[in-house]
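What follows is a set of structures to go through.
Shared chain: chain A. Partners: chain B in the first complex, chain C in the second.
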Partner chain A sequence: MTLAHARSTSPAPGSGVAAPSHRHGGGLAAGLVVLVGVLAVVAFVSVTLGTRDVGLATIWKAFTDFDPDNTSETVIRELRVPRTLVGLVAGMSLGLAGAILQGVTRNPLADPGIMGINTGASAFIVVSIMVLGVQGLGTYIWFGFLGAAVAIFVVYGVASFGREGATPVKLALAGAAVTAGFYSVTTGVVMTNVDALNELRFWQVGSIAGRYWPVFTQTAPFMAVGVAVALFSGRALNGLSLGDDMAVALGQRIRLTRSIMFVSVAVLAGAATAACGPIVFIGLVVPHVARALCGPDYRWVMVYTALLSPIILLSADIIGRVSAGDGELQVGVVLGVLGAPAFIALVRRRDLAEL
Partner chain B sequence: MATPTLVQDTDVEHAVGTIQRGRVVRKGRVLGVTTALALLAFALFVATMMVGSFPVTPWEVIASTFRLGSDPSVDFVVRDLRLPVATTALAVGLAMGVSGLVFQKLLANPLASPDFVGISSGAGLAAVGSIILLNVSAMFVSVAALGGALVAALLIYLLAWRDGITGYRFILIGIGVSELMVALTGYLIARADIFEAREAMTWLVGSVGNAGPTQLRILLVALAVLLPLTLVLNRHLDVLELGDDAAKALGANVERMRLVLLAVAVVLVALATAAAGPLPFVALIAGPIAVRLIGANGSGLVAAAFVGALIVLVADLVAQHVVPVELPTGVVTGAIGAPYLIWLLATVNREGRGG
Partner chain C sequence: MRLRRPRLVAIGLIAALALSACGSTDDGASADEEGWTYESGSGDTISLDAKPERIIASAQEAAALISYGIKPVGIYLSQPVETEPALKGVDLEGIEIVGKTWGKIDAEKAAALKPDLIVADYWPQEKAYSGFEESVSAESKKVADLAPVIGANQKGSLEDIVEWYEGFAESVGVDTSGGKYAEGRQKYEAAKKRFQDTVKAKKDLSVLAVSPADDMLYVAVPAYSTSLTDFKAWGLDVIDPTNPKKDFPYWEYLSWEKADKYQPDLLLLDDRDYDGSLKTAKKQPTWNKITAAEADAITPWPGFWIHTYDQYAGQLDQLTDAIDKADANLS
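Moving on to the complex of A and B:
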């Protein structure tokens, strides 16, 4: 790839080259403040809204002067707050995992869901519980990491064959193939056990409903590490997005960088899947929205993605809660229905270039 | 006296002779491999009917199948119990094998397969919807699956249309549509009662035991019409494989030919899916294996059909008799997918073939 082409597709490369972000730094920082505000509002709505109508005074009391015998206060503290927090960290994780994948594979359609990484994590978790008798989120989350890593290895490996390397089409096809394989094995494993089948069907759609405190406390530390790595990887992703040759010329150790990036994707996607089940499209769509807002410099894209993703996931969850009359639409379903048109629009876009 | 730059008649004759001999050898290889595959498929077809709690000899199977003898107990076991399943496996495998190879040639990608580009998930959504919302008979579920697959294919074709169809857009939009269908299917399964959910999930894994006599009869009639038609159309497939520009230069109406071939492939896989559910990986792997066996010459469509039949027959044998608990066929074909992808990783990588 020539330098001219690299510049034309990625106008804001690493720190050495003048990036527009320096000029608009003030505006971009202000944008972050706005996003933090929006996230706070969405999180607040997520805590207040639900089938049980709880007044603001009660919510306030639940935090300041908690009465364990009051059902409404318990619902807030033990159900809605952890659900919102799980949605927050899982959204952040999936969005950042997508942004990293898009940068590392230079593929605008990369997403931990599309690429089968979430299904890999999900399949390993289900099999570990059903076949190996693993109990407890704290243990099976490790199978989630392993499954995510295996999926990344197979999908990226299969898609990288041939001269053109890992093109968007090959990555998406390999991801779909891995997903289909994992799906049938997972379903086959639980087929004989009605109770397990019953759990699997709620798990497989991806949801943050009924996630209590332990789900948050056991998965959040891993996601926090992954998020931290992701937020500091902006420079490395700027380098990789120039193409391997340029990245090497800029002094990057691309093999090492790419390995670290893939491990952090496995941690982010594995933990998010262990918490919520497989969820698609967040990682695909949000980085594109972030780029539209802040330009292509990954140092900003990562921060914007980190804030936008939980906003979108929690909003989808809220939509799911209010849109279905009886019961609710799982967040995975809402994101699937809303994300697919966005994906198709991206594919149809004439100037879909390499990242 | 001839200078070395001039070509003598004897040289030309020699060259033509070499090419002709090469052609004969290659044609011989195609014929030999295809015949061997056909014999192997027939042997397996007979073998699947031999094993079980009531063992039958191969001659008894053949005599009973072709109505050459009459032994009431053997006839009951073979004709009434085992023949429908074995025939379904054979027919579904033939249909999926051909359909997969046509897809891969049309979309110019060895990973492209009707399983993953939205057609199977369209069938799945319609089938699951009819099981859960309408509570209908197995026959109607098949009709719904057929309709779902055709509607999904049409939707993808229309969404992918922009001054014609490219493999790239068709595949990616198919995957997007597929994610949408999967999300909706997951929602239906999550809101159903457990027995309907179980029925739906069983259907989604796919099993050759699912097909009723009517579905099987329709599939056989369709095969009898569509397989010869595909072979006739194969000439156009070879032209299309040269690329759109070359095909147009050769006078082909590219879009119409592509539409006709896609339609035939879609109908084949839709009927197979309607009969047995979406058996994963059969359509994906039959084509590349057949092409690998017969080499670069010959179209490989007939060979792909027999490889498809072999895969499904072996999967049925394994699912029913080899593993300790009886499994749906789809679990076994899904499990075949993993080693196939790794094989692809190992061999194609080395050869550096583009995808």
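Moving on to the complex of A and C:
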């Protein structure tokens, strides 16, 4: 029985669906509960820790008997809670966007950061603010979607030239070029008014500081839709992971599926970037961690990614908040520092190609 | 690679010599045998064979030169002309803009202007002149090779900076003894006296100079701001933040959670983008936890762009009015 073999990561041909994961379904469900618990703890810590010392009693009072004149209570309700929620939804969105990309392109190094999608979104947003005079997140978020979509289109389009189509190497190269191009656009626009740098610096380094209730209420609905689509695309991604020919033979409409997948990536990455600026590594690293925990079945990978991503994002933010005295390190910076060795470890794994 | 620098210097020297030769044949009246010399804020003494005639200057420094009737041939900006407070109402006709964004000077355009001097302030903390700091583009750094760079010292007293620019004007032949220049000095002395008297009458008043950003509140360190250094010396209680950033000590970086760490009676808001900064600040739930913010006791602070007596007089008057109106017992 092939199932008795320990990590069988490649699906048996003709199985219609990826091989059952090497772990028992029950084990996976238990893992899920643990992750929910960890996420709850991390969210709790995110609300309790910060540059300002706020005791647990004050936090409790902030929710049960709010005194608007009490600065600490205001900090909890108006700064820390929305920031935690934004980090939660944005983290989820970025991780799922990465998982979808890795499934659709069959490229283990696909990620909205590497493929220029986040930088595309922020470039379009910055141009809309500085050049078109757009004010308000509710409007410029649409430029974020547009920028993300353009980046996907360009990267996938350029990488698809040639006989072999969009191989992982070509995708990575096209992505690197597009990222560099969009980043220099952002920098160029931002630098035309270096004194507005204070407001625009955001778009060069991701951060969930300064993200309050208005940001949450205006971006969460889009991210919620994207997350829902992502969570239900496990089966479709399993099919795509068998290869185009196999998927077609199994009756999957790959063009339609791919289009829906790319649109949801544009929405997820565009909304997350509009909320927090370009945040790297979540979409790249978390799906791999998820796969290591739950196996290759995308129906589980999506759920595990959805829980692991905010855990990692919020943890990075917490680290940034307690390690710089009365100031803070942006989450984009912390993730860059922590993500780089993780990325290198990832690239060096021998079984990386087997997705 | 290593040979290129000496070659560039050689070309520069030849160009400078050619230029000074041209200068002496065109302008018989000036005593060119004496050459020109002036001390820079960096402590270096800059000497040229003749008075500088083709100056490229950084935006705010250029505004000062223009006010003394010295017209640069080129100027480089760090923000659009429309929003730069120093260039408000300044006629830039005939001056070529060789850099529109911070850190990016077009070296070709600058070289084509054949400058004999570059005027930009010196920042001792960064050991660099405006426009040639560590993080500017490589092309920008090359522009500093075109001609000697000279400017006032941006640490210490703002009054010294203003005096430096007047001295510079004198050195290139501008007669600053009478007319509008004397008026400017008188206005300044009057404004300074009024400032000092008003401050003395409000001994308990404390002020805090800040620059709000989306995700952080920057609090200015008086020792690294020439205007705040002067205000403190003239009796104003400018709060000194306790924890400046180690490698960039101009500011303390404060998280918005701790916006209420300092409680002044009057807030001085960085005026490089006053309206934008105020909008950003008002979006923060903790901005009004600073008592002065809630009471709207906020006034513009001309952080770093003053270079002339006229400018200083005007800004001092505005600040004196705000101090006069402020409630010294607010916090």
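What we mean here is this: the second predicted complex is superposed on the first by the 330 of 355 C-alpha atoms of A that agree within 3 Å, B and C clash if a C-alpha of one lies under 4 Å from a C-alpha of the other, contacts with A are read in each partner's own complex, and residues count from 1 in each chain.
Here is the rule we go by: a residue touches a chain if its C-beta (ideal position, glycine included) is under 8 Å from a C-beta of that chain, and two chains touch if they have at least 3 such contacts.
Computed from a prediction, not measured in an experiment: that's the story for all the values here.
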Three-chain arrangement built on chain A, chain B and chain C clash or fit: clash
Which superposed partner A:192 touches (first chain B, second chain C, both, neither): both
Touched partner set for A:259, first chain B, second chain C, both or neither: neither
In the superposition, chain B vs chain C on chain A residues touched: B
Which superposed partner A:323 touches (first chain B, second chain C, both, neither): neither
Partner chain(s) touched by A:209 [first = chain B, second = chain C, both, neither]: second
Chain B versus chain C as contact partner of A:51, first or second or both or neither: second
Contacts of A:74 with chain B and chain C, given as first, second, both or neither: second
First, second, both or neither for A:332, with chain B first and chain C second: first
Touched partner set for A:347, first chain B, second chain C, both or neither: first
Touched partner set for A:217, first chain B, second chain C, both or neither: neither
Single chain B stretch clashing with chain C - from 3-11, 201-209 or 309-317: 201-209
Common interface positions of chain A, toward chain B and toward chain C: 188, 191-192, 194, 198, 201-202, 327, 330
Chain A partner contacts - residues on chain B that touch it in the complex: 109, 111-113, 115-117, 159, 162, 167-169, 171-173, 175-180, 182-184, 186-187, 189-191, 194, 197-198, 201-202, 204-206, 280-281, 284, 325, 327-328, 330-331, 333-335, 337-338, 341-342, 344-345, 348-349, 352-355
Complex contact set, residues of chain A against chain C: 50-52, 71, 74-75, 78-80, 188, 191-196, 198-199, 201-202, 207, 209-210, 212, 321, 324-328, 330
Residues of chain A that touch chain B when the two form their complex: 109, 113-114, 154, 157-158, 160-164, 167-170, 172-174, 176-178, 180-181, 183-185, 187-188, 191-192, 194, 197-198, 200-202, 204-206, 280-281, 327, 329-330, 332-333, 335-337, 339-341, 343-344, 347-348
Touching residues on chain C, where the partner in the complex is chain A: 78-80, 83, 100-104, 211-216, 218, 243, 245, 252-258, 260-261, 272-273, 276-277, 280, 283-286, 289
